[in-house]
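Below, chain A partners chain B and then partners chain C, in two separate complexes.
Right after this comes the complex of A and B.
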């Protein structure tokens, strides 16, 4: 297992290098000039050329890429923003925890609420509980996130005055943003769990367990659930990764300075170092999450574990 | 049986959703009972403010973050709204006015056509007590010039309180523009700042940002009054430099609905911008007042004039296109009733120096029949001409261009609309890019046209291609511009001649005007000062005690 983890960590290196090269190249190919963004519309071509020279943007692509990779991987320096001149490392250090709060809380809520909802719906298929939870799931996936966020603000802040409408601070400030982003996640998870569970509970081994007189509770939670969880874990980890960079709407509405807003603004301003720094951070985080997901699946699914360990344990037993 | 149950369940769920939505949206009614709730919601929001419990705290909503408090780095107008409450400039000038209001500048003399000797007061101090001398002015200009395109050729300290400023142009307005624009700060304060003014400030106005909890990038910025201001002679204090509220908190609300809700529900006392689509709703509130600020963006269209453009040496075609545009419909759709169709081809009555009422002839007023006629005379049959339209993805601007596209189709011109994200649009906007035949142009429009509007649109010397922004290489046009930009050349006659030339030749067409609106709670706010005719200075807002 240790060897597998080490191998996966080493594999992250080419992945991150690939991401850096890809993002750098895409930004270079995208129309728009950071020098023009900085200097504004009244800048003359001569002034733009001079600034581009200062910023090193007139150098050949390969020189710029090499310089950037040297700074990031040798000097561990993401550089400073073209627009604000603020250190990108510092900015990411301030913003990333907030995005992480979003992603982790959203994930926890999705799992804690979505899984029981899905299991209940599957176990009581075609019952009121099933229809109820699936209708809720349908509403959750259909509602536009920004609309739901605004309704929550109007109700819990405007009408009841219980929760702050925007800003950051204590726990209270996080309730509405997290609720608005987690709702869709909960319902997606419930749907996924239901379909996974339905597939499993109609399997022969479940019928066998029931026939052998195993208690219903035990059949569901000991035999069916672990197997039904495998696709759910994959979906959950993917949605966790997506939410790391995809909380833009919630960040905008609730005035939360996260990584999503930072990267999108940087893309609009052609602030190359910020985009690259942000994407590298997300790529590393995503790679780690994928590794943890694989390990979790291995822990749940003996077949995967056997693949990872090369079937050594089984061999030894023989 | 089950089907019936399902239907009942669905009905209950949908009803529940409706009740939640209605209950939530019901808060917009503006009834007396709601005002009592304002206190409760306000209580929740107050926890968000660093100014909690402090007397005289004023919460102002702005619609964009700053990235940094550094006064010299580039940013949007929202950055100006904060920067100029912390830092002063040498002077100030209301757009549309030729008069300079001195701030740090005691006076100036013109050495020659493009060199100025500026004298600053010898007792200027910043919030930390650092004296501001000529070398600090030079330092500030140099910092600014690293981030902005300017017309400054050189800036030198002649002695402790005199600065020699040389410009690379003699155009009217260039000096006024730069002395009103560059925020001045002490070099020592900048070097002492732990993060080079990124999250803290030290300007000459009596407000500072202490960093830490007072500066949460993207969420809020809290400014606290220092209590001391260098200018002790009240008769010399610039109206925009007064310090009213003890604490000013800027809440950053990028989402337009959130901004409108915040001012409606009393979470903020002043919203610096209300989206046009929400103006009716906000103005319907009894306790709120709208405040109009002229838009500095001239909302017009450019016709590509490069040699391969169909408009090149075809004036009739240009005129046909302009007559085809229903600018009244555009103004109505984009402004939600708050916009007005332009009655001139270029310029703003409130902002442009030299604007003449004789221009108000409604040139190229919507006339589709005439457009069809001109199109035929220009050598094109219906459906024969294909034009590429270019605009940015701003909601209002996109609407404007969708209507223009429909108008062109209506007269038999096939039009393809390319809506680009802002920076891409910026790089395509140059006529020589070959990306369009008709493009949105939103040049700045304030003060002398030679320092802003016409300089951007028509001064070929700005562009390496040797053509205007839209790609024209008209010698007569440049000759007229040079005459206007020559020393003492900005006369009413020259301005009118230039205006008539661009109108007759259909180089540019201003479609409509849409002022920007701020909103405030009139029970709380009693006065404010609009600076440069562009934004309300938060430090001048008077809050009722």
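Right after this comes the complex of A and C.
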């Protein structure tokens, strides 16, 4: 197992290098001149040329790439923003924890509420509980996130005045943004869980467990749920990875300085170093999450574990 | 010989959007202790549903299943657990009937632990014994199902079914998912176990050569109804029901000199949803007449040979 983890971590290196090269190249290819962006429309050609020389933009592509890679991987420096002149590493370090709170709390809520909902719906298929939770889930997945967020603000801030409408501060400030993002997560999770569970419930080994005389509860919790969770883990971690990239809509509506807003603004402003830094950060976090997911799945699914350990350790228990 | 299981007017209807599906309709027969009853019929004729009802994995809609002088359709929860120790089932697909997260040992042991008759050490010893009995090497004890081939998986399924020393086992097409060479091994294993443990089998299959090999008696089903039943030997000699005739005429022969006289059925298959009274085979039967649209009765045409066809006598002269 240790060997596998090491192999996977080593494999992350070419992935991240590849991402850096790709993002850097794409940014080079996009039209627009950073010097022009920085100096504005009133700058003369001479000024632009001078700045380009200073920033090294006139150097060959390969030299610029080499310099960038050196900065990122040796000095851990993503450079400074063209627009604000603030260190990108610093900015990301400030913004990432906020996005992390978002992603983690949304994840926890959707697991804690979504999974039991989905299991209940599947176990009592075609009952009121099933129809009720699935209608809710359908509403949840079809409502636009921004609309739901606005309704929440209108109600809890405008009507009741219980919670602040936007900004960051104490715990109170987090309730609405998290609720609005978690809602969609909960409903997707519930639907995933229900369909996964239904598939497993109708499989032969569940019938076999019933034939053995296993109690209904045990059939569900010992046989059905662990098997149904396997695909759900993959889906959940994918959405977790995505939400680590920033929940743009919620960040915008609730004015939370997270990673999502930062990157999108940078794209709009042609702030290349920021876009590059943000994407690299995302690539790294996503790779780590995928590794953790694979390890988690290996822990619950002996078929995957056998692939990972090469099936050599047969006979040794866990 | 005593009757172990007696089934009387057993029915199973499923409610669907378009009406009631009569999956099993008014089936009556019995199985004698230590014998094998083969159930044959085409896909969807209700043979699996019948089997599942007998081990109470499916509630019956009507009728009685009398097992050891007790009607098991009326059993309460506690008696149910007892009943499971007497009647077990071997499933069709060994690839899907084992929990992928359970080792061979865990799968077999679970039944033992649930019964409450064994403690951990005893259960482990009994598991070893069972694996031995069905021919799984002890080294495979901690293997997962995905590491085994189909034959070995089915052996696990058999060991699991035998765990609580049942008297009666429903085998729901236990070899249809296996290679032919493995089929023979499993069939011989089942026969050996039957002799050693005085087991009674109900053997569901659509493979006529398999049923000929293993069964003492045979029931032929068509669209939820029992059309003909007698001893296996007799059925392959002489059939009375037109459907059975057609079914048996479809057995391929390896003898190239013998000409096959295949009876090819024509006509619309009757829908099992809210069917009209009368013979369900009438629409495809070459001998159908007015009387066939009235409800048919199972009649003893020769000793211990029952046929549900009003014209059985006239067409078999």
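Definition applied: the second predicted complex is superposed on the first by the 312 of 318 C-alpha atoms of A that agree within 3 Å, B and C clash if a C-alpha of one lies under 4 Å from a C-alpha of the other, contacts with A are read in each partner's own complex, and residues count from 1 in each chain.
One rule holds in what follows: contacts are C-beta pairs under 8 Å (C-beta built on N, C-alpha and C of every residue); 3 or more make two chains touch, one makes a residue touch a chain.
In this text, all values refer to a predicted model and were calculated from it rather than measured experimentally.
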First, second, both or neither for A:30, with chain B first and chain C second: first
Touched partner set for A:252, first chain B, second chain C, both or neither: first
Touching partner for A:302 - first (chain B), second (chain C), both, neither: second
First, second, both or neither for A:135, with chain B first and chain C second: first
Between chain B and chain C, more extensive residue contact with chain A: B
Touched partner set for A:126, first chain B, second chain C, both or neither: first
Common interface positions of chain A, toward chain B and toward chain C: none
Complex contacts: residues of chain C adjacent to chain A: 52, 55, 57, 80-81, 84-85, 88-89, 91-93, 96-101, 103, 110-111, 114-115, 139, 141-144, 146-147, 157, 160-161
Of all residues in chain B, those that touch chain A in their complex: 2, 5-6, 9-10, 13, 17, 20-21, 23-28, 37, 39-45, 47-48, 65-68, 70, 73-75, 147-149, 195-196, 198, 216-220, 251-255, 257-258, 261-262, 265, 267, 420-424, 426-428, 443-444, 452, 455-456, 461-465
Contacting residues of chain A [partner chain C, same complex]: 203-205, 207-215, 223, 226-227, 300-303, 306, 311, 314-317
Residues on chain A engaged by chain B in the complex (per definition of touch): 30-33, 36-49, 81, 83-86, 90-91, 94, 126, 128, 131-132, 135-136, 139, 146, 150-155, 157-170, 172-173, 251-253, 255-257, 261-262, 265, 268-270
